[in-house]
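Next come two complexes, and both contain subunit A; in the first it sits with subunit B, in the second with subunit C.
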Partner chain A sequence: MKCFTGWQGEPKEPSDMKRLWSFVIKEFRHVLRDRKTLLILFGMPVVQILIFGFALSNEVKDTQIIILDQAKDESSRQLTEKIASSRYFTLQESLNTYQQVESKFKEGKVKLALIIPQGFDHNLKHGNVSQLQILLDASDPNNANVLNSYLQAIVQDFNSSIQPELQLPFQIQTEVKMMYNPQMQGVHNFVPGVMALVLMLVCVMMTSVAIVREKETGTMEILLVSPFHPLMVILSKAIPFLLISILNVTSILLLSVFVLDLPVNGSLGLLYLESILFIITCLSLGIFISIQTSSQQIAMLISLMGLMLPTILFSGFMFPIENMPLPLQIISNIIPAKWFYIIVKSIMIKGLGFDMIWKETLVLLGITLFLIFISLKRFKIRLA
Partner chain B sequence: MDKAIKTKELTKKFGNFTATDAITFEVEKGEIFGFLGANGAGKTTAMRMLCGLSSPTSGEAQIAGYDIYKETEKIKKHIGYMSQKFSLYEDLTVMENIRFFGGIYGLSNSTIKEKGEELADSLGIGEERHSLVASLPLGWKQKLAFSVAVFHEPQIVFLDEPTGGVDPVVRRQFWDLIYKAAARGITVFVTTHYMDEAEYCNRISIMVDGKIAALGSPAELRNSYQAKDMDEVFYRLARGAKRTE
Partner chain C sequence: MRTIKFLLEKEFKQIFRNKSILIMIMVMPVMQLILMPLAADYEVKNINLSVVDDDHSETSRKMINEIFSSGYFKAAGFLPSYQKAIYLIEKDKADLILHIPAGFDKKLIREKKGNVFIAVNAINGVKANLGANYLNAILRQYNISFRQELIGQNASIDRISIQTDQIYRFNPNMNYRYFMVPGILAILVTMVGGFLTALNIVKEKEVGTIEQINVTPIKKHHFILGKLIPFWVLGNVVFSIGLLVAYLVYGIVPVGNLIVLYGFIALYLLVVLGFGLLISTISQTQQQAMFIMFFFMMVFILMGGLFTPIESMPDWAQTVTRFNPMSYFINVLRMVILKGSSWSDISNHLLVMAAFAIGLNFWAVRNYSKTS
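Moving on to the complex of A and B:
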């Protein structure tokens, strides 16, 4: 048995790794014992992916449309059928007067109406020009725009199908290719965004709360009196969340591949390495917050309000950064999630290699080193 | 090295306020040293300096023969500390706490296991060793916290008002543990509010306004202040205090 009792002689130096190990085990116990938190930790990514994947979607699909057919002739019926058979629109009950259409709009039951005036067929075939009116609820302008272009496309298609012989003497043909996302699926956009969001939540909030809790309960003092180095305290707090976050990355990727049919086009290894870098960024942010605050509530508030909101706003996955005013565009650069979002999108969807994302990686690395540096400077080894 | 603690004009200032004003004292090896004083007299500040939690403004001190400025890492290996706040992890079991604290002091697994079982049995909480600490009564928690503080057999253990809020019976049991530790050669440095506890100490110092106003064995102090008990000694000294909370 080792002897630590004597006044004489130094105790044998125990290995730092072993101490660190005891600490990490203890941290895991804290995390595993708290069932509710555990459920949030592992349930959140799954729920978020499923919500974003199935509930929130800005794609046009089965939109209710009213067609007020005042012509009731051959062409108008053909057009109506064409619209009804497309997967974008579902025909609502047919109405007879303009007033009825208007009241439907007022009730908010419909956002789109097509009015086919009398003599549609006749004008088309004999007068060569026929008019249609499209009514849109533009209180949601983006949506109105999208619906408009879908409907226009169908009308255009109809137009050329009834007059196949129509050929202009000169014509510019455009060929459109949707790169990286040929089916224009919305899922592609949000998977990297959800990944950034989840990692941010888990790492920043959980780490800061875990460290501040030790300050609050008074156990931090005991740890500072012990020979365990204060920096090791912080390191061992971060390790469990690093591992949990890697698991979360895995579960998000599995869901996206097997449930959402979104494959990882680039290198999986690179994706994991970049994720680990971003996790470390978030952990150092959490550590920085915990050094600055002394109560769990404040730590949680800063993590939630001060970080979640900017992450959602400025990472570019909900709102395009290019459309923001210049000052906000500049601010967006200090949001780590923005860079991670670009990186994940590039690897997962575009299938690009490291040569195309080294700049973003460098920015992320810079932010991380900066956070670690100021945390170390602010960290007081002695409490007073 | 002959003394467990040795200080010379140890001072701590916070701005213009001198919390601990040039205190000089020595504590012998294996002694139970009571550190008394009214609230705000500077006890906790002094103790925090001795534990390395706070750096002194001026003065000198040696703990277990190591310099308080230059050899803090060595000091940390040879002291134990129990703070005013209850300081075990409530969401861990008794054995998990013991394993953790043993682990960060670098004890081997077999030592931890062997001593841990022994400890749980001797405290009479053998049955509860796998229960969460949160479920234990306060008295048991305090005794367990003390046992954990001396688990690595430090040379000196610092106790900051360890018996706050527990009943007299548990306090008596707690002092039995302190005596046992002292008998093993551990120096005990304890702050307290309870004057009956002061009587249990080998020697005590009484701090007033950041200075040590009296130092000696309980009997010596009673004699020199012509007092019937420690309560009276304390009131005579504390009455002169200018600082109030």
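Moving on to the complex of A and C:
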């Protein structure tokens, strides 16, 4: 810690460590006194992990489907039964006209409809082609795509079940293997993301607001006139958040291992070291913001708009970076959370070692040193 | 009435004096609405595919050609071994591996069956699923044309007797932004309304000016109305700016009636403001208010059906979303803007929102006391 405080030139007093210690304890008391904020700080990662782990999914199950059966014959009944018995769809009700389907779509209850034309049975038995129509609510395009492919699969299945003699030659068969995440759960993507988000929140927002608050209420002046080096004042503010953040990392990891059954595949020690590096990056960012601003609302605004949003957007955990336009892809490189996200994903899920992530680590280190350097240059002992 | 008029004058003056709040109201919605849909693009394209072709036959080459000409896939590399391809996946340079084993072509012709292997990086479930689906569909298509080449066009054996065709309603071009923009607009209006109300009142508490108001003969409901009306107006302004941006940048014109839209907003803003008011009554500092608000916003956004469909959630989570005002708002915005739903279609949503508005505001007013 001492290496970047820049006061090596001064004569060393033996009581400095002690002073720092007492300041850190003071800051801790400040933080611990605000119960509501504390509760949210520790509750946030828990709730986020639970929501991401258990509530959010793209799984298709029991989707309401309307079947507009204009044929009303044996084959159409069989097909209807087959669809109703699959675990993906539940039959909503039978409707008779196209207009009724449309109004159901507008109520937003139903996402797709299958229209079976007249003479379906007759066509099938006489070897003619029958045309089915699938009507989809495509306001969510991806969902529509997935629903469409599930329904198609059922229809094709039905098709081959009524013509068992149909054996196609020259079949190209595909075997698909889902790596890292065979059950296709969202958790794998989200745990590293939640970690980046929470650390960012605690370190940047809390630190900057805590320091600026002292400026706003005027107590900063009292601290600055004390014999204690001003940089140490700031440092002592950062240390409690470092500890809180490490606690948060631990609680997230415990939750993901014991509640979500998502093991840490790589080295735990490496994961902690990288987390501490990221925490220091965030702390220096928070300190940098606090040096630049003078009111809590502005500090919050910068943290919220300038940092939280880019973190959610550009870290790659919610939205794939490669889908973005090029300028945004370039911007994403200066977001520390992006690099941390890659690192955590590599260690936790892919189980890779340091040799695969040293580049990302170096980038993070570079950003940190840059921020500390700028903060030191901008730091003024006197308040305006 | 006169008291409220003076209070309103005071609030508006304070709002316009504070630059940071003005930025929050004017710049944030515009910036976010422009940036977020660009970034929040779940449309799956540019899937990176690396190919390991151990077969080196004409069939395999044609197949690879077919895949890359489809436009869904980008070549991440043609590699000599499966191990090297795995390395690309580890480095996140590739999403899928297509492995064509040696002798594929011969086996396909002699034994009538040939196998190819697809390995998918499934950490991102949506992308993995769609990527594998696309690749499968292309291979199936190729299979049909390959078979026809071998046994001739009129091979009746290949006839598929049920054909399906799809109609994509409301968003025929499958533009993902049409889906995202209304949802993001819902978040923005909620955030601005909620945060501003909560922070504004708590600031008066923190700075101490609330005591000055408390000792005046201003009635409780006067004070609260004086706080709510300006932010209600601002909420409407933000929403209008948002609609304008959606039109100018993305060309989204609401299919439904604007009166329906504004009618719902008017009611919804009462819910949001009531919520902000409630938060302000239980917190002492701005920091506290901000964190509590942030916490709820996060839950609202995640459980609001913005990114993942509510129908896919487990039952307990679906029950939770019923208590999430934002999920109703996102839903209604999408319904009215994309599908053109009318009053009767959203009547349920309106009723629930009215209940929320009355409940939250009643609770907040009860909680607020002039004595501390």
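A few remarks follow.
The rule is simple: the second predicted complex is superposed on the first by the 307 of 384 C-alpha atoms of A that agree within 3 Å, B and C clash if a C-alpha of one lies under 4 Å from a C-alpha of the other, contacts with A are read in each partner's own complex, and residues count from 1 in each chain.
Everything that follows uses one rule, which is that a contact is a pair of C-beta atoms (placed from the backbone, for glycine too) under 8 Å apart; a residue touches a chain by one contact, two chains touch by 3 or more.
Quantities reported herein were computed from a predicted structural model and do not represent experimental measurements.
The partner of subunit A that touches more of its residues, comparing subunit B with subunit C, is C. Look at A:G218: by the touch rule set out above, it reaches subunit B but stays clear of subunit C. By the touch criterion stated above, A:D355 is placed in contact with neither subunit B nor subunit C. Once the two complexes are overlaid on the shared chain, A:R29 sits against subunit B while remaining clear of subunit C.
By the document's definition of touching, of the two partners only subunit C reaches A:K61; subunit B does not. Touch criterion met: A:R19 reaches subunit B, while subunit C stays clear of it.
Using the contact criterion defined above for the overlaid structures, shared-chain residue A:E93 touches neither subunit B nor subunit C, since it reaches no partner. Once the two complexes are laid over each other on the shared chain, residue contacts for A:S226 go to subunit B alone; subunit C is not touched. Overlap of the subunit B and subunit C interfaces on subunit A: residues 34.
Only residues 1, 29, 48, 51-55, 73, 76-77, 79-92, 96, 99-108, 110-111, 152-153, 155, 158, 184-185 of subunit B touch subunit A when the two sit together in their complex. By the touch rule above, subunit C contacts subunit A in their complex via residues 18, 20-21, 23-24, 28, 32, 35-36, 38-46, 48, 63, 89-92, 108-109, 112-130, 132-133, 135-136, 139-140, 142-143, 146-147, 150-151, 157-172, 174-176, 178-179, 199, 203, 282-283, 285-288, 290-292, 294-295, 298-299, 302-303, 307-309, 311-314, 317, 320, 331, 334-335, 338-342, 345. Subunit A makes touch with subunit B in their complex at residues 1-2, 4-5, 7, 11, 13-15, 18-19, 21-23, 25-26, 29-30, 33-34, 217-219, 221-228, 382-384. Across the complex, subunit C is touched by residues 34, 36-37, 40-41, 43-44, 47-48, 51-52, 54-64, 103, 105-108, 111, 123-124, 127-146, 148-149, 151-152, 155-156, 158-159, 163, 166, 168-182, 184-186, 188-189, 201, 209-210, 213, 295-298, 300-301, 304-305, 309, 313-314, 318-320, 322-325, 328, 342, 345-346, 349-350, 352, 356 of subunit A.
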